[in-house]
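Below you'll find a set of structures to go through.
Next come two complexes built around subunit A: one with subunit B, the other with subunit C.
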Partner chain A sequence: MGELATDKHVKYILSVEKRKDDFESVVMEHLRMNGAYWGLTALDLMGKLDAVDVDEVVSWVMSCQHDSGGFGGNVGHDPHILYTLSAVQVLALFDKMDLIDSDKVTNIVGLQNEDGSFSGDMWGEVDTRFSYIAICCLSILHRLDRISVEKAVKYIISCKNMDGGFGCTPGGESHSGQIFCCVGALALTGSLDLVDKDLLGWWLCERQVKSGGLNGRPEKLPDVCYSWWVLSSLIMIDRVHWISKEKLTKFILDCQDKEKGGISDRPDDAVDVFHTYFGVAGLSLLEYPGLKPIDPAYALPVDVVNRIFFKK
Partner chain B sequence: MSQTGADLLKQLEDIFESDPLIDEVGFVHPSQFDLLNEESSISSNSSDKAISQATKSTASSEGCSEQKNKSFWNKDHKLGISTSILLPLYKAAKLAFMTALKQYKTYGNQSDEIGNWLPASSSCDLQSILMRHSRSLLLLSCDFMTAWNCRKLVVSKKQQHSMFLDELHLSALVISYSPKSEQAWNHRRWVIKSISAHCSDFKDLLRKESELVEKVAERSKMNYRAWNHRCWLISYMDQEQAVCELKKSRSWAALHVADNCCLHYRSRLLLKMMEESGGSEKNESSGYKADIKQAWKDELDWNETLIKRYVGREALWLYRRFLSMYWINNFLSDSGGTSYNSNYCDPFLENEFCLIDSCLAVQDNEFADFQSQAVYAASYMLWLKVQVPEPLGNVLRAKMRAMDLKTLVDNSYQERSSLFNHFMS
Partner chain C sequence: MASGSSEVVEQEQERVMLRDRPEWSDVTPVPQDDGPCPVVPIKYSEEFAEVMDYFRAVFLADERSPRALSLTAEAIHFNAGNYTVWHFRRLLLESLKIDLHDELEFVQRIAADNSKNYQIWHHRRWVAEKLGPDARNAELQFTKKVLSVDAKHYHAWSHRQWVLQALGGWEDELDYCSELLEQDIFNNSAWNQRHFVITKSPLLGGLEAMRESEVLYTIKAINAYPENESSWRYLRGLYKDETTSWANDPQVSSICLKILSAKSNYFALSTLLDLICHGYQPNQDIRDAIEALKIPDLDTQDLDIARTICSILEKVDPIRVNYWTWRKSRLPHVA
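Our next item is the complex of A and B:
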């Protein structure tokens, strides 16, 4: 397994940005804002955020903002709450929160529905992921008082299943990614007492398979990205001692491309920036030496979160 | 000479004009084109000939028939796109779409301000150009949200039923090559929500929608997006439809025992039946309750058969947890009583003990599946212990000690030891 090949991963992340002439990379351009968040947060956790040109990134991020306040996934793309959070997180990483017109971004409060749920944009699709995003975003902007937190929490709880997990909407199947969003939103609103921690912890710890990796749902293969979603949820509900951290660390390290850098979903698969971020973030939660600690609810380095809330 | 992206885009859009019924798209490696052409020349029938002639005439008028045959393949309403042209085609489609979108938005803003300054026909042209290019783009980049959004915008302005149905057709086409496309499934929900109020054959639409998910699920295993869509449909179903879906999905579930999604779908259908049964007086009768109890018993029996037939399947055991939890909360005999003692015997629990015992018995077997089966059985026993009312919990704890489940877990799945320790203490 060996150690984390930090320098290689930094090089890999920086190189991804430059790839523009194959179909596989151009068809992802609509979610470049998410890609920026994954890559840059991974760099920051590895202590290498200074390897990028701040002004270039920041001016590109700002050029994706619409008059409504929301951000698109790239220049000229429609705004969506998915990209708005990534944009705010990227600006937070660079300590450029002063560029954000908080009142304008706070317009996302208009996406809250009567039942407390959130739509992702004007077209009305509802998902607990959007609840997390709205809550996280407004919390970073110190504007959480602008929505009905009580209703938002009530809606999230209505998506709880009999197995203790959460789905996208009431009755939706439990999924580790959705669980992270629901638990994260409840953590950020101080409502974790509403979670049945034993029941949810049970479901989550059963995501660890023999190889040490975590899967997102029963019978699925393990995948590095769940090192983040399952692990951060277990930490937030204080049940992380129900899995083997050593085995998980080994699994993530086994997914590295030690020659060219980057981390893949499973050992020997092709790497991408998404899994590289979640691998590094997972290792950060596992307190791997040399990495900055990451906050399990805000999904930002702890020092960045501290700067947001304790600056001045 | 190689063709420009714009030529390729035109060819693609011409193919759609000539064959609007295309229902499947795929990206094909150039080396497979000869094989596809050979096969199609063997099995072509007259109606297909007409279509292929139509496309040929468009192509030859541009003098690139030969090249075209290496870029696109179209027969029996199936479309193959060569992987060698994806990049230039995508770039051309995106440029064309973004340009049209910009024009459309500028036009929209101006017409809002100063009235209809363009003749109506220009507006329609712009809309149809936008619809053409967004379709091409979505076939290449299925989650290009802005392209889906502009279609929603155009369709919601026109409010024509046939246009809504066209959107169902396009999203199904995208799903045919990208079954996990989140945006395509979202788009379907948007369409269904938009037409639900004034659709005369809505029940039929729900049925077809459910069938689509089943078809997709056959090729794309444990597809969360697809099954989530099917679960969402339940909110529109009445009890009769829910019961019908429950019946229909049973054989599929039995053939796909590792697919947790289908079992979750069944759990939602069962709960829908329970929900509907509450409230009305007719349903309060003891006869109806007995029916419900029987339906639940049938599901438990069916699940037990599968657990014994397919050894070591996690999804089946988790489904059993759901079924037994509901049974314990609703049907356990004398569940509120205080008379539990070590000799207490509930027929449901007795049956569960037998099942667990039989699954533990094979633990010496070296095959991994049998070891998994034993661990799932042990975890299920722990689940029962946690779910039953308190006095019974002690009975089950004693039973677990007698079965020596702790040693089993420590030996064959050490990672679960802390979980067991927590719930046994």
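Our next item is the complex of A and C:
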């Protein structure tokens, strides 16, 4: 199966900078903040964050912030909590949290509805993804006291299904990405006792298919991104030993482009920054040698999380 | 009043750059500021770049005009994922008091190529919410159309559940689930929707009222395709927290026996294990069926049927061997 081509992946992430006119760059424009988080976190896990110019990245991130406190996906774009969390995470990676006006950001991120759910913006779209984003962001900013954690937890639990998993809203189909959001939010609020760990653990470990990869729902194809969503959830509920870690490691390594760098969704597909991050982060959760450990709930390197909470 | 929906189609035939259109001659485009040395820099196609330059200009000037609306249509046509453009479009629709039925058509056209995009669905819901019950049939038809191409489309299902709950239209939903399951019995989304309907429809009387007929339906489905994770989980879900009635329902143990008598089956074995763990006493037929499935090279002599089932599952499902070993370790010890 070969090894992780770390140097190639570092080169690939840095090279995204130099590419021109390709499809990925065009569709990425509006979510460049997410792209920055994926690329930079992957670099940090591989021990190569020093390959980028901190001041340039940080000044670009700050130029995406609005007066309201929220961040846009790029300069001049509207703020949304999807990009605000990525911006806060990127600043955390560089130990630049002091640039954030936490109270201002809290006003934007803590858009909690009466039922405990969260909206992504003033238009009011509701989704358990936003519950995770709000809780993760406020936790990093030490502002969880600004929302009703009790109501937030109650809403997430109302999205729990008969199979132990979670959907985007009450009654929504269980999906590994939504499960990560719900389990992550419950972990960050100390509410994991409300998860049916054995039932959910079994559903999650059923996601491993013969090739060793994980899928997001029954009868769907495996995809490297679920190496993050499923694996981090299994770790948070302490059931990761129920899957074959060796086979999953092999599946991720098989998705590498060993010549040009980068990781794809499935073997032999085209690589992108999104799957490169999820592949590297998945391998980090699998304790692959040479990678920094990543925190399964905050989705940040463990040393960064430690810096946020213990070196204040 | 321009709806913003017709222009895109017209311009597809022969698109004129904005700088060459007289109605835009008074606007100075604003280029994207990517900063000195961007991490994920972008090089746009010329046309797309121009549209965005003009968009920035009208956006910064907060120009609430029909031409701004048609410009958002062009920008969305190039990139349906741009949150800011959608956001501004909603402001324009409100300011210009556009007929939102036209907007539904616009969304439908954009969704044809970008149905996995969150923004489109969010926008569609915003429009439908404003139209109210009037939009019910259009929304049910729209999601049906998307699901006819991808029957597991997460956004479409989510939208459809919202429509049913907010605008109604439950009458045919159970039949629709059956129809989709007839096309693909392994479709977990359709099973999930079925559960949603029998538990939430105001017309059906709830889970308990539906249990008897649903158990029959599901057992038939399991019988036809025993290797189906979704139907087995649905069967368990029909009893929700009533674990005792589940463990004691002879229909459940019978289907396990029927499947296992024909062939070893992963889900029948695990269901049987769950039943026994919740107090079900296996009869001789079940014991015989399990005995027949024993793998000759099992190194341990299992003392009871639950342990035997775990041992079989450890062998037939090596990828999850640790799970089955854990299940075995939790079984009460037999003296």
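Note that the second predicted complex is superposed on the first by the 306 of 312 C-alpha atoms of A that agree within 3 Å, B and C clash if a C-alpha of one lies under 4 Å from a C-alpha of the other, contacts with A are read in each partner's own complex, and residues count from 1 in each chain.
Assume a residue touches a chain if its C-beta (ideal position, glycine included) is under 8 Å from a C-beta of that chain, and two chains touch if they have at least 3 such contacts.
Since the model is a prediction, treat every value here as computed from it, not as a measurement.
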Joint occupancy of subunit A by subunit B and subunit C, clash or fit: clash
Touched partner set for A:Ile243, first subunit B, second subunit C, both or neither: both
Which superposed partner A:Asp53 touches (first subunit B, second subunit C, both, neither): second
Subunit B versus subunit C as contact partner of A:Asp196, first or second or both or neither: neither
Per-residue touch tally on subunit A - higher for subunit B or for subunit C: C
Which superposed partner A:Asp303 touches (first subunit B, second subunit C, both, neither): neither
Subunit B versus subunit C as contact partner of A:Asp7, first or second or both or neither: neither
Which of subunit B and subunit C A:Asp95 touches, first, second, both or neither: neither
Contacts of A:Ser63 with subunit B and subunit C, given as first, second, both or neither: second
First (subunit B), second (subunit C), both or neither touched by A:Glu287: neither
Contacts of A:Gly35 with subunit B and subunit C, given as first, second, both or neither: second
Common ground on subunit A, meaning residues reached by subunit C in one complex and by subunit B in the other: 21, 26-27, 30-31, 72-73, 76-78, 80, 121, 123, 125, 162-163, 167-169, 171-173, 175, 201-202, 205-206, 208, 217-220, 241-244, 247
Residue ranges of subunit B in contact with subunit A within the complex: 83, 86-87, 90-91, 98, 140-141, 143-146, 149, 152, 186, 189-190, 193, 222, 224, 227-228, 231-232, 234-235, 258-261, 264, 267-268, 271, 313-315, 318, 321-322, 325-326, 379, 386, 414-416, 418-419, 422-423
For the subunit A and subunit C complex, residues of the former touching the latter: 16-17, 19-21, 25-32, 35-36, 39-40, 52-53, 56-57, 59-60, 63, 72-78, 80, 121, 123, 125, 161-163, 167-169, 171-175, 201-202, 205-206, 208, 210, 212, 217-220, 241-244, 247, 273
Touching residues (chain side subunit C, partner subunit A) in the complex: 32-45, 48, 56, 79, 81-84, 87, 90, 122, 125-126, 152, 154, 157-158, 161-162, 186-189, 192-193, 195-196, 199-200, 229-230, 233-234, 236-237, 240, 318-320, 322-323, 326
Residue ranges of subunit A in contact with subunit B within the complex: 21-23, 26-27, 30-31, 72-73, 76-78, 80, 121, 123-125, 162-163, 167-169, 171-173, 175, 198, 201-202, 205-206, 208, 217-220, 241-244, 247
